[in-house]
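Working notes for the structure below.
So that you can tell them apart, the chains are marked A, B, C and D in the order they are listed, and the count of residues begins at 1 in each.
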Amino acid sequence: MKETFIKELVKAELKNPIMIEGLPGLGLVGKIATRYLIKQLKAQKFAYLYSPHFPYFVLVSKKGSVRLLRGAFYFWKNEKGENDLILFTGDSQAQTIEGQYEISSRILDFAQHYNVKLVITIGGYRVETKDKPKVVAAATNQNLLDRALRAEAMISPMGSPIVGTAGLILGLAPFRKIDALCLLGETRGYLPDPKAAKSVLEVLLKILGVNVDLSGLDEEIAKADSMVARLQKIEERRALQAEEIRREEDKKITYIS
Amino acid sequence: MKETFIKELVKAELKNPIMIEGLPGLGLVGKIATRYLIKQLKAQKFAYLYSPHFPYFVLVSKKGSVRLLRGAFYFWKNEKGENDLILFTGDSQAQTIEGQYEISSRILDFAQHYNVKLVITIGGYRVETKDKPKVVAAATNQNLLDRALRAEAMISPMGSPIVGTAGLILGLAPFRKIDALCLLGETRGYLPDPKAAKSVLEVLLKILGVNVDLSGLDEEIAKADSMVARLQKIEERRALQAEEIRREEDKKITYIS
Amino acid sequence: MKETFIKELVKAELKNPIMIEGLPGLGLVGKIATRYLIKQLKAQKFAYLYSPHFPYFVLVSKKGSVRLLRGAFYFWKNEKGENDLILFTGDSQAQTIEGQYEISSRILDFAQHYNVKLVITIGGYRVETKDKPKVVAAATNQNLLDRALRAEAMISPMGSPIVGTAGLILGLAPFRKIDALCLLGETRGYLPDPKAAKSVLEVLLKILGVNVDLSGLDEEIAKADSMVARLQKIEERRALQAEEIRREEDKKITYIS
Amino acid sequence: MKETFIKELVKAELKNPIMIEGLPGLGLVGKIATRYLIKQLKAQKFAYLYSPHFPYFVLVSKKGSVRLLRGAFYFWKNEKGENDLILFTGDSQAQTIEGQYEISSRILDFAQHYNVKLVITIGGYRVETKDKPKVVAAATNQNLLDRALRAEAMISPMGSPIVGTAGLILGLAPFRKIDALCLLGETRGYLPDPKAAKSVLEVLLKILGVNVDLSGLDEEIAKADSMVARLQKIEERRALQAEEIRREEDKKITYIS
């Protein structure tokens, strides 16, 4: 394998498809959101993306079966609307600069192949807040951005760069005459963040005019919250102990002087 | 040299060959096991693999002769069984991500060229145990995995990834319609571990239905054990000295306060 | 995108054009100088350079629009003189060695395409001085260097190497029968340094025989100076506090002994 | 520039040429030795090697002229002997693994082009001795190695690997049916080591049956020796001061307890 390539499993007939992309990144926001959509919509897998720029290991299932790292494309036939969906997620981002550009280009090749006119990429946006995560939007054109703002996304106040595939797809899409929108959920980014993913999905579904029950994420959110709480307790205990040790040492020094 | 290539030394006529792969890795398990088999079976060298992704130095023999880092393919004609063997080992793994994918692909090119239907890769699996090393198996299909389990391998309880060529070959084999099985011997991984290699060979030989005397490894195992014991003594002495120094310093501090 | 490429926006008719190159580097001297020239001359953008060797993120404007990192070519029609100008600046340098050579080569392709006979590259030169920054020159031939010296540039006393695109263009230009001159403004290099950029522009404009009002840089210089002053105060306060802590500790030790 | 390439300056007519290679490496032994030979033999430059795998800067002369990093080929017509010489040295080694293999291959392309049957590479061999540096030899065949041993080289007692171009050329030469010998001068490797270079040249000249006055290196050796002496004094003074500080602190602690 010398280059990133896509292997089609079945041929899909799609009506004005919109592509959704969400690879692992900050807080796993893109991956959690995209996987949830795939599951809820019962989207059908129809192609894999393989790349020599992914890390050089293979995954082993609990049953002992093995597979390469990969990305996967799913489609969903929208019975009630104008746009079918192509959803893309995967195990990893590319590990080199040139690999990042190559994989983003290959995803857009596939979008073009299916005559996609709009790609929406999903990711995380690092902030230190504990409020309900806001959703930051950026786009290749103003109309598209306005659609996101009407769906309650906001513009990044700082204009910070978007790193990785979710960003590069927006940078490369105009060369293919494809519009692209990026939705980033605010996240502290340390741990998988289903709350940020839910925020992004709320905006995304409004934009798409698609109904998906998001309550299934609440269990994951509860788990993540309790994980955060546990880690905080550990952290606080550690800080207390460090504090005590410092005080003990201060006593000795005070004795001395 | 711009790409990995294979140089055939002689043409072999092989009957339903199975390929065994074992490059250096954790505890050198793959290399020790494969080299032992080659030696015991008096397998014949018939091809080299060279790559610009190996480290950029050459090896010097005790007699002052020089050679590139390389992999080597050996074959063994199985007089009593159905499957001849191709055995592959070498000096090093690839040093870059893309090189890892390239070398694994080239090995599979060679397997295809000889109409190999099954590749078995060997490596180490990191654990902190001192018990007799178990053998962890993973495979590209269930039948194959069952064969390994019947030969007393076990499934990885954690489903941890398999890094390097031993893993990537399993990931890439299905694209060539080749089955592949990976056998990993439990090892602490710091030092060459012939004990883990022996455990893997016991499982491998059962699977292959081939008889090889493994007692020749026992001398290496004894050497490795005494090396480990020596290192532990050094480690313990160091810990004791550090302890003493700490106690001396504690005395001073106690005096002070 | 597998390779660096240039996308022309409009076709320009240029008369004996000289190319000026200034990418971000030490003290951002090259970029500040080139951007200022572009603005003052109202030069017209006519081509972009894109590369998979730039960092793998995209820039987001305050309005939420997105673009790839890129370089940009501008031209200026010189009504009063013999030479039109092509000005090149951009967001970033290449991130890999091979990328650096590739981008510099691509810039020279474009120069050749427009029949450029002279390229002048701009950058920073690290020194620890606070005097008015001098301008160090290096060139592919003696005549060219003499022109720079008559314009009050000086030769580097140390003969230190020139790193990055500003250097490689000089190294590669002779293969295209293009002359090239490099002008480096002395800078401490930590912060954007418009003062160094102004020094370079004074020399450059003399060489080109072009008049551009440089007073517009003075405001930026004032800002940068006050930034430096502020950072110095912070630094001094930190040093004082550290000093005090040390003295406090010394007292204790003196008590003890 | 996408690949390493060689630019011929003049066409040489050479009689059974032997190629000598010496790039910068441990103690600069290879470069010092080869440059000295070139100077003493008044060898004539006839080709350059350029590569995008060299570092991405350019060199500036004291006069302000600029050039790419490069390698250079020289030839010497041997009036009294059977073999003319091609001598190769340069500014740098390749910066990446793949670049190392590419540059070594390109040097051998050039050797083949001139029908070279023997390449001798020169480098340093790290030891901590202060004795007269010995010369370690390794070769692609036994005859060649014997020639070196008769010229008072020795075989490496440890069989340690040879890193970089001096090694890879030996590894790659057999693919071209070229014999290759490597001569490594013992050096501590920290500083330019003309003494090691002289040792290598003594062996080399015996092998070649060529007379070159090596006394010109003695001045450089004297300079290097005094540099080493100076650095040692600095080092010793530092050690003394550190010792004193430790003793002062010990006193305080003794007081306390």
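Criterion: a contact is a pair of C-beta atoms (placed from the backbone, for glycine too) under 8 Å apart; a residue touches a chain by one contact, two chains touch by 3 or more.
Here the structure is a predicted model, which is why all the values come from computation and not from measurement.
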Chain labels contacting chain C and also chain D: none
Of all other chains, the one whose Cα centre sits farthest from chain B: C
Mean-CA-position distance for chain D and chain A (Å): 52
For chain A paired with chain C, centre-to-centre distance based on mean C-alpha positions, whole Å: 37
Where chain A touches two or more other chains at once, by residue number: 256
Listing of all chain pairs that touch each other, if any do: A-B, A-C, B-D, C-D
Touching residues on chain A, where the partner in the complex is chain B: 1-2, 52-69, 95-96, 99, 251-252, 255-256
Chain A partner contacts - residues on chain B that touch it in the complex: 94, 97-98, 100-102, 105, 137-142, 145, 155-156, 159-164, 167-168, 170-172, 180, 182, 253, 256-257
